[in-house]
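What follows is a single structure, and I will ask about it in a moment.
For reference, chains read A, B, C, D, E, F, G, H, I, J, K and L in written order, and residue numbers begin at 1 within each chain.
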Amino acid sequence: MSQPKKSVLVINGPNLNLLGTREPAIYGTETLEDVEQRVRRRAAELGCEVDFRQSNLEGEIVTWIQTAGDYYDAVILNPGAFAHYSYAISDAVTAGSVRLVEVHITNIHAREEFRHRSVIAPVAVGMICGLGTLGYELALEAAVRC
Amino acid sequence: MSQPKKSVLVINGPNLNLLGTREPAIYGTETLEDVEQRVRRRAAELGCEVDFRQSNLEGEIVTWIQTAGDYYDAVILNPGAFAHYSYAISDAVTAGSVRLVEVHITNIHAREEFRHRSVIAPVAVGMICGLGTLGYELALEAAVRC
Amino acid sequence: MSQPKKSVLVINGPNLNLLGTREPAIYGTETLEDVEQRVRRRAAELGCEVDFRQSNLEGEIVTWIQTAGDYYDAVILNPGAFAHYSYAISDAVTAGSVRLVEVHITNIHAREEFRHRSVIAPVAVGMICGLGTLGYELALEAAVRC
Amino acid sequence: MSQPKKSVLVINGPNLNLLGTREPAIYGTETLEDVEQRVRRRAAELGCEVDFRQSNLEGEIVTWIQTAGDYYDAVILNPGAFAHYSYAISDAVTAGSVRLVEVHITNIHAREEFRHRSVIAPVAVGMICGLGTLGYELALEAAVRC
Amino acid sequence: MSQPKKSVLVINGPNLNLLGTREPAIYGTETLEDVEQRVRRRAAELGCEVDFRQSNLEGEIVTWIQTAGDYYDAVILNPGAFAHYSYAISDAVTAGSVRLVEVHITNIHAREEFRHRSVIAPVAVGMICGLGTLGYELALEAAVRC
Amino acid sequence: MSQPKKSVLVINGPNLNLLGTREPAIYGTETLEDVEQRVRRRAAELGCEVDFRQSNLEGEIVTWIQTAGDYYDAVILNPGAFAHYSYAISDAVTAGSVRLVEVHITNIHAREEFRHRSVIAPVAVGMICGLGTLGYELALEAAVRC
Amino acid sequence: MSQPKKSVLVINGPNLNLLGTREPAIYGTETLEDVEQRVRRRAAELGCEVDFRQSNLEGEIVTWIQTAGDYYDAVILNPGAFAHYSYAISDAVTAGSVRLVEVHITNIHAREEFRHRSVIAPVAVGMICGLGTLGYELALEAAVRC
Amino acid sequence: MSQPKKSVLVINGPNLNLLGTREPAIYGTETLEDVEQRVRRRAAELGCEVDFRQSNLEGEIVTWIQTAGDYYDAVILNPGAFAHYSYAISDAVTAGSVRLVEVHITNIHAREEFRHRSVIAPVAVGMICGLGTLGYELALEAAVRC
Amino acid sequence: MSQPKKSVLVINGPNLNLLGTREPAIYGTETLEDVEQRVRRRAAELGCEVDFRQSNLEGEIVTWIQTAGDYYDAVILNPGAFAHYSYAISDAVTAGSVRLVEVHITNIHAREEFRHRSVIAPVAVGMICGLGTLGYELALEAAVRC
Amino acid sequence: MSQPKKSVLVINGPNLNLLGTREPAIYGTETLEDVEQRVRRRAAELGCEVDFRQSNLEGEIVTWIQTAGDYYDAVILNPGAFAHYSYAISDAVTAGSVRLVEVHITNIHAREEFRHRSVIAPVAVGMICGLGTLGYELALEAAVRC
Amino acid sequence: MSQPKKSVLVINGPNLNLLGTREPAIYGTETLEDVEQRVRRRAAELGCEVDFRQSNLEGEIVTWIQTAGDYYDAVILNPGAFAHYSYAISDAVTAGSVRLVEVHITNIHAREEFRHRSVIAPVAVGMICGLGTLGYELALEAAVRC
Amino acid sequence: MSQPKKSVLVINGPNLNLLGTREPAIYGTETLEDVEQRVRRRAAELGCEVDFRQSNLEGEIVTWIQTAGDYYDAVILNPGAFAHYSYAISDAVTAGSVRLVEVHITNIHAREEFRHRSVIAPVAVGMICGLGTLGYELALEAAVRC
């Protein structure tokens, strides 16, 4: 009997809606739609399902994560700048008891001092940073396989 | 001539909508509805009125507190994780000139380092923490009596 | 068959013997005897017994707390300035295995920087501050009920 | 051939909707509407156009700043308390590539320690603080002229 | 009966005598004389008088500020690097009881860490930074109008 | 009609009972009795009365200072090592509302880092340090004259 | 004409030779040989070549990285505890001009404070942590594809 | 001619009177009397004499140490929590010119952050920690032999 | 044969030329000339000679202190704000090998944080602060007698 | 049936090969060979076996500790300067699951600031410092008996 | 055709006028004139010209450095204590665009904590310290040759 | 009778074997062999002998420095990144009692924050940095002459 497909929710935080159209020198030229497509292709290869959401509102992301555990096997979160101060999101991860992999397109350890620390990382399963938008694909594989 | 009844607004911040259903080992098994009921019973004993609101959105809480002074004698706020960084809520308390008692279900001083400091506490009348959901009842009495 | 009455020991630390007679603008006009009376009234309502002690000597408070667990169900401690550096009292709470509720008449978070941190709080059940001498009554209820 | 009029978006952050009605001793008696009128008069003198918005929601301000560059020559932002922790707004300024002048009605350097640092200032063109609501007018001139 | 003209003293601190001739990429190509001229034009528009002084000697600036209150309605000070350590100038502002507006041509918050803090700002009326030499004009208007 | 004589209480804290007999290279060869005699001679010259007490017990010093205001015009306190952490003594000074001059025989600013800060100094009238046992005489004159 | 195969050097730092045999609760039961095998399988899928080395000697790892650029397209480094203080390895990465992906089996952000910071991360392309030994496979894909 | 027996004073600080009866998981099941007996046995083997004292009062320990040099060849001190803030005891060691070996039953470096630093250690001959109550015996040998 | 009179140089630093005329609430109503007169009277009583100088220039004070040892037995220095950052004056004291007593009219420990530390104090004989202008007289006695 | 002899490995870190020949004022005149002999004598008394090793190479010590658990009942480590930064050795202790007693000949708490903290101590059983080379003997007894 | 001689300005800061006459144990017995002579001899060997200046006034040094670039190929600066806080001199180096080599006679890294950091060093070409007055000669060679 | 030639050991630490071939923009194009040749030429002029060694292994450098005093009059050490954390090398300098001059090719004070501090500098005679490879020559002269 076949095992049910795993499903993963990909959440992008503030300013990631601008991906590809602004600051291409740092973030590359792929748009968030491009990222969605490449992740969907990878999901097809891995035999899992993915949903995509983006919000600039911290509280909205909190709400999504709270209930993600009821509908998804894992969450992939690129928290953008919320990584550095949103204890509300951090608490939502703990409260929602969902497995979460944190992704950053850029290497946060090679940028401004305030970006070196993520308050969400301690409650995540793990983190991938600096590997560009490929990081989303790798996070998907990690979310599905480990 | 009888004195008009005092009224108190109870605001719960991010992730408290999950109370009782998630992490019962830390937060207990009472839901936010249970808390509302026990606070309403206490309000009846104390002869005051209470309203209940919850939000994961910082800005919504800011707005509620700004105008609370026009409709309520006091606010009881469990700011959740916002306690530790929301200067916007802190400013709203000052700007709204409302008497506010801060409540935390857990003992924030016995948890992670970042939870030891509340940026809202300095503008609150006082704080009650670590006494479980009974803390809401005690805060109500404080809001009404002192 | 009736349950035995609960008993609570209320300990006041350094300078609280001056309550009501010095700095009334900050600490109010109630004396420590007034506080004792109001707490005794509340104890009668709650059906519990209370004892009161005050000391300016750290070591005496350490000794009281060490053995409090043998005679009392809980301790209410207003440690005064000892809150900010007495690890000896903190250790006594842990060693004595007694349930302790920390009380401060003023909002320690709204005063000098050094008062923001209590080294006793992490080993207390919870803390009540800023609610004036009503805080003792609320602490009593917490000590008895939760 | 005449040059097109410059246009500027003025954004006010959390609690500034209360301007003039609360804490007049600190913030003065002018309301946000009064500020709008005096800025509009100055805009007329300078030959530019201005729009006004206010929000208590961090994410809403993020969204406004992201797209401001498409419709306005510059943004004047009074971030209120968001100045001190909203890296999301800071990132939006960078991402949106819009020229932004930060304004504070009060002298943030003469108030509480936490107000001395603005995380938005490093990505702003410049900052004006402590000059009351006149600061908005001066920021407008700076936005238009430099 | 006409009101007497207001008068303002503009003081420039260390290295500002080199303005326009050195590091034009950072400080622009206007010389201190150019700045004086544009400020004088603005003074004429505002109907006030201005005097200009520059010194590399901390003690000389202290002396000027001490007595400025006897001859001027306000002081505009670009303290240069003295902003970051000259408590003697800071004390002179307080002692001299003169209204002082601090100006920096560059955005000090976007430069080296040590430039982020001004020890003079807490005793100034307000500060303008990052708006280039236009900042002097805006400071003049603030000195005269608010 | 003659004015009543002023009276001053001189309190010496922990380890000062060893004065003159231990570590003479640092603290000199005068014993605490010698100090008492020279201060009594100075008191005679100044026309005031002095009492002397020493204790190694923090709580005892707290108690002395609490009531000193009822019997003395001022207190001279050499807190010894208590200077660096006894907030209980600091609170007693505030609570007791007595004028207190702090004295240290050695220059605490030229010794170990932890001695540079006195938590009692902020609530004292002033401090004299590094002038040897003459400091007690000078403190007496200050206590009587200013 | 076919493109030459890419080659990657995988370096494991101190104590990783014990993988799988010690502390399996934290690091899992796979040995370093198991890791090598799964990475080799992945390499076969990705069409690239991999070499494996392990050392407890900082200087040996420095030497390997210095010359890695001459023989490999990229380096995957699990620096173990060297991550937290070996500026010599960090300098070797810069000096050797080799593309390096840092891998940690555990989530270093969820462990002791000293593990939160990697001095190598700022000179790496990116980092993967917390995803177990799957992290090596993902790093390989990143090393080959991005 | 036989050499006179050496004598050592063993002082135990706050809460050590509870040894063995409270928190056995951390401090073991030996009581302070058991420790005294095993140290007396060791003293017999080493041919020296020992006295035992315990106090919860900082000032009492200060007094004991001040005069210990007159009656004992060395002091063994387990300062308990006083280790972390009692500069008064630290000064007494220096003033009393007695050789002192500091003992902690537990490994203070493996416990809470505040326990990592002892303000007494810099003036002690040496410190033994983490070796349980055997530490007292080893300290005795050190006190007698080195 | 009579001993030659001792001579003392009193140096006042920046802003002290304004003494008595500005901020009397903090610094009192005595001018620097009044201080000079009362110190001269005390000098007459003590049988010593005094010279008075004031400067706002750090370098001038450095020069005075360098050579003070050739002409005076001691220096009394009120460094004003230079106390908090002038290592050049601090070095001059050491280099000039002159006995120096530091005086502050106000209690620097009860004012702003930055005033709590004097970089000159570690090289001074001692410090007197908070005792008003009487502090100069006491410093003179200390300079002459100890 | 007799119990097998316990065996202990004594490891000395960098620069300890110079013991006795360099800096005798600090480290004494005993050579490492002398230490070995006295420890061997003690081992004979205690009925255990000891091996001795010394290395200046961090990685070599890591390797020794990794496998020590397979051949020895405990390790005595004088890590020298590695104590203050070698997290690799610290990890080896944890990974090797060997009981380790840390020894320092001098009192590290009475020396330079950087020596006050040992990163190895938190994973050791306990630490002995300041008791000279006798410390090795005491550590051996602790390793065998507790 | 011969190349024009290079010329170097040697500036000595506060208290260096006392060189050789004060604190010879630290600074040696050579006077500043002796230093000038040995540097002139070296200049002759190197075929360059040198000028010497000394000042205790920060502003004077600022002015010298501002214009040094117009007359000299390089500056050698011994800033004395100004090294540790004079951002004005630091800015003058940048503004004056002159090549500057910083010299300290003593090893500033082996002295008081505050001397370890030079705010001028980051804008200097390089620094020589601890090599006595020979450091001036070496700096001259560096100024001329590199 | 002629004086024996002085001999100096030049040690280069990690990554300096790459000098000239990697990152020439920062470190220049001279190889370590080129540096050796220019230093040998200078040695010939100064009439001294030099030996050259390089290692990436901290422990090897420790060993070289320990015994350097037996064969050389001084050591010139470019510790590379070891400068910032190798207390083992620092201890070897002290233990080996050899005169050591520290050299850095680049100006460590103008680079990353972690490079500003050298833990070896406090035990070195002096330091030369930022003067390129000429720094080795100057260090040689210092090693021989001062």
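The rule is simple: a residue touches a chain if its C-beta (ideal position, glycine included) is under 8 Å from a C-beta of that chain, and two chains touch if they have at least 3 such contacts.
Values in this document were obtained by computation on a predicted structure and should not be read as measured data.
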Numbering shared by both copies at the chain H-chain F contact, with half separating same from different: different
Superposition of chain D upon chain K: rotation angle, C-alpha, nearest 5 degrees: 120
Distance between chain centroids, defined by C-alpha means - chain A, chain H (Å): 55
Distance between the centres, which are taken as Cα means, of chain H and chain G, whole angstrom: 48
Approximate Å spacing (C-alpha centroids) for the pair chain C, chain H: 32
Contacts with 2+ other chains: residues of chain F: 57-60, 85
Complete list of chain pairs which touch one another: A-B, A-D, A-G, B-C, B-D, C-F, C-H, D-E, E-I, E-K, F-H, F-I, G-J, G-L, H-J, I-K, J-L, K-L
Interfacial residue positions of chain G with respect to chain J in the complex: 13-15, 17-18, 22-23, 55-60, 80-82, 84-85, 114
Chain L residues touching chain J - in the complex, by the definition given at the top: 57-60, 62-63, 66, 85-88, 90-92, 94-97, 119
Contact footprint of chain F on chain I as seen in their complex: 101, 107, 109-110, 116-118, 121-132, 134-135, 138, 141-142, 145-146
